[in-house]
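All remarks here apply to the structure that follows.
Letters are used for the chains, namely A, B, C, D, E and F, taken in the order the chains are written, and counting of residues starts over at 1 for each.
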Amino acid sequence: MRAVFEDIKATRKVARINNFWRALATNPAHLESVWRHLKAVMQPGRLDMLTKEMIAVAVSATNGCAYCINSHIAAAQKLGMDNEMLGELMSVVGLFNMTNKLVEGYQVEPDVLPNTE
Amino acid sequence: MRAVFEDIKATRKVARINNFWRALATNPAHLESVWRHLKAVMQPGRLDMLTKEMIAVAVSATNGCAYCINSHIAAAQKLGMDNEMLGELMSVVGLFNMTNKLVEGYQVEPDVLPNTE
Amino acid sequence: MRAVFEDIKATRKVARINNFWRALATNPAHLESVWRHLKAVMQPGRLDMLTKEMIAVAVSATNGCAYCINSHIAAAQKLGMDNEMLGELMSVVGLFNMTNKLVEGYQVEPDVLPNTE
Amino acid sequence: MRAVFEDIKATRKVARINNFWRALATNPAHLESVWRHLKAVMQPGRLDMLTKEMIAVAVSATNGCAYCINSHIAAAQKLGMDNEMLGELMSVVGLFNMTNKLVEGYQVEPDVLPNTE
Amino acid sequence: MRAVFEDIKATRKVARINNFWRALATNPAHLESVWRHLKAVMQPGRLDMLTKEMIAVAVSATNGCAYCINSHIAAAQKLGMDNEMLGELMSVVGLFNMTNKLVEGYQVEPDVLPNTE
Amino acid sequence: MRAVFEDIKATRKVARINNFWRALATNPAHLESVWRHLKAVMQPGRLDMLTKEMIAVAVSATNGCAYCINSHIAAAQKLGMDNEMLGELMSVVGLFNMTNKLVEGYQVEPDVLPNTE
């Protein structure tokens, strides 16, 4: 557990371990495996880190997870997301949560050749 | 209704109206209002169209809406998303759906100074 | 199980037991308890049956349950819901799924004196 | 933004703008578009305003959005929903959230001729 | 209502009625029907009570219902769930919330002969 | 990717790789990381494998993921879950999806000393 906490601090260049990781320490093997998986996914690749954190905000808002929303907005802001970008992000999240439910409500049949919704 | 369909075709440069819009035509005033709102949100701004469509995929996968996932993946692919980018997008969506539920399950308390999850 | 099936047929004045109830018969005690609970809730009271079935559609569309959406739309139609009413119902369901997620995304603070969203 | 706020006050006959709309002001174009869409949907039609607000409560309870639940219950109460009606509304919301998940859990096959769930 | 409260106290051997049941008392007939259904389901059968309460935690964490999570964790702890078991439970809940969304995101086709995910 | 597929076959003693893992192969690094994480979580510990698979069914039914429900029910059946146990599992999943939404709908306040819901 201590080794994972040290790795989190070193990787993220932070002095304090967030409550999320402290909670996971209830199950140290799980803590280690989640951290390893998160480290594998959350590195710059074909998508940059800001895009990945904005996707995390979109997922968290759709799930309605308050801690997660706050935490990922903070992370995205650190990476350069300003209020205008946040406002656009939210507008997209809101819009497609609406259209998703309209699609379900009307039980829309697949398009032969889907273009865009 | 016809005017909205013409506008959709012209705006999107497509010959065929997707089943989503056809379903909405059950309520023509609603069709028009949703289209107007979608047009307002889905234009390039501080976030580019590809990022917006990838966020749409993230929302749709989190909601488990099959039609929506297919439609937004197709739209993102048209805008340049290749399989590698799709694979990264999915890895981020999967990861944060897991951490969202871990946060809820452990009822994680807010961080004094949130860094990142 | 047979007694419950007979009661469903008599109460609903239908000749065929829907697949939902057949599936529940996997656990006959559960079948009986769910049917008893449903009968207690789904009777006219301060809300009429059509309103109750439209609420059932709203819940089912929000959950994205295809069987449930189809079944409750059919039930509401039997009770008088026409296409115009369905269109309004869907517009309300779509709208508040959007605003729900915007509220979560922005982590909107409680109003001192809430009026309406 | 100011124009939208004035329109909200005038339309709703309220002196104070709710926190929901204040939060949306992060993105003024979005605020305007959401308000316009909400105004188009939330007017009396084939469904009356009380029914629409009760549907909003059903959607919000299903999504577990605390602010939204409080806000739409308050709105429905203003329009005449008393405690007995609220109690019936909740009983319907609870019931169909249960049956929705039973349908999914048992993967119930479509009925040839659906009657009611 | 009073009779139901007395039955809850007697059945559970508790001196205080939880806020959940107090809230349901808004609709006494509903209170009685929910309690009857819960009593029918929550008794030892082929699954023991601890397993049933852990399943309740899994459902509640997936739904993100704070009150429910706290209440079912407390109930499971009373029945013998220690921190290690809680940690394993959470790891399973987190994992399958991730894989569920990956399955949806990739729109995975049914296996001819499903083994395990 | 091939190494992961071989490990899946060897660990699970199956001849065929499920479509879930084939889909993940879109992103081989992700496939490997998800598999490693799943292997870490899905081993017997303080909870046995059958309990873990039943929790997986509960999560999947709550999320409404058809592929996942089928796959985890099949896995649980292999481990000894019969129809009676499935019926009890479903009854618990249904019940607490109902009470979760009633708790949200009524915005139930935390109990000072939670016993059980």
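Quick note on the criterion: a contact is a pair of C-beta atoms (placed from the backbone, for glycine too) under 8 Å apart; a residue touches a chain by one contact, two chains touch by 3 or more.
Bear in mind the structure is a predicted one, so any value in this text is a computation, not a measurement.
If you take subunit A and subunit F together, the chains in touch with both are B, C, D, E.
The chains that touch subunit B as well as subunit E are A, C, D, F. When chain centres are defined as mean Cα coordinates, F lies farthest from subunit D. Among the other chains, the CA centroid farthest from that of subunit A is the one of C. Here subunit A and subunit E face each other with different sets of residues for the most part; under half of the interface numbers are shared between them.
If you match contact pairs by residue number, over half of those in A-F turn up again in just one of B-D, B-F or B-E, and that pair is B-D.
More contacting C-beta pairs link the chains of D-F than the other of the two pairs D-E and D-F.
Subunit A and subunit C, compared by their mean Cα positions, are separated by 32 Å. For this pair, subunit C with subunit F, the centres built from the Cα atoms lie 27 Å apart. Averaging Cα coordinates per chain places subunit C and subunit E 22 Å apart. Per-chain CA centroids place subunit A at a distance of 15 Å from subunit B. Among the residues of subunit E, those touching two or more other chains are numbered 26, 30, 33-34, 37, 41, 62-66, 70, 84, 88-91, 93-95, 97-102, 104, 106.
Those residues of subunit B whose C-beta lies close enough to touch subunit D in the complex are 29-30, 33-34, 36-37, 40-41. If you check the complex, the residues on subunit D that touch subunit A are 26-27, 30, 33-34, 63-65. Only residues 57, 61-62, 64, 66, 69-70, 89-90, 93-95, 97-102, 104-107 of subunit E touch subunit B when the two sit together in their complex. Against subunit F, in their complex, subunit E makes its touches with residues 12, 14, 16, 18-20, 23-24, 26, 34, 37-38, 41-42, 45-47, 51-56, 58-60, 62-63, 65-68, 70-72, 74-75, 78, 82, 84-85, 88-89, 91-93, 95-104, 106, 108-111, 113-117. Interface of subunit F with subunit C (complex): residues 64, 83-84, 86-88, 90-91, 94.
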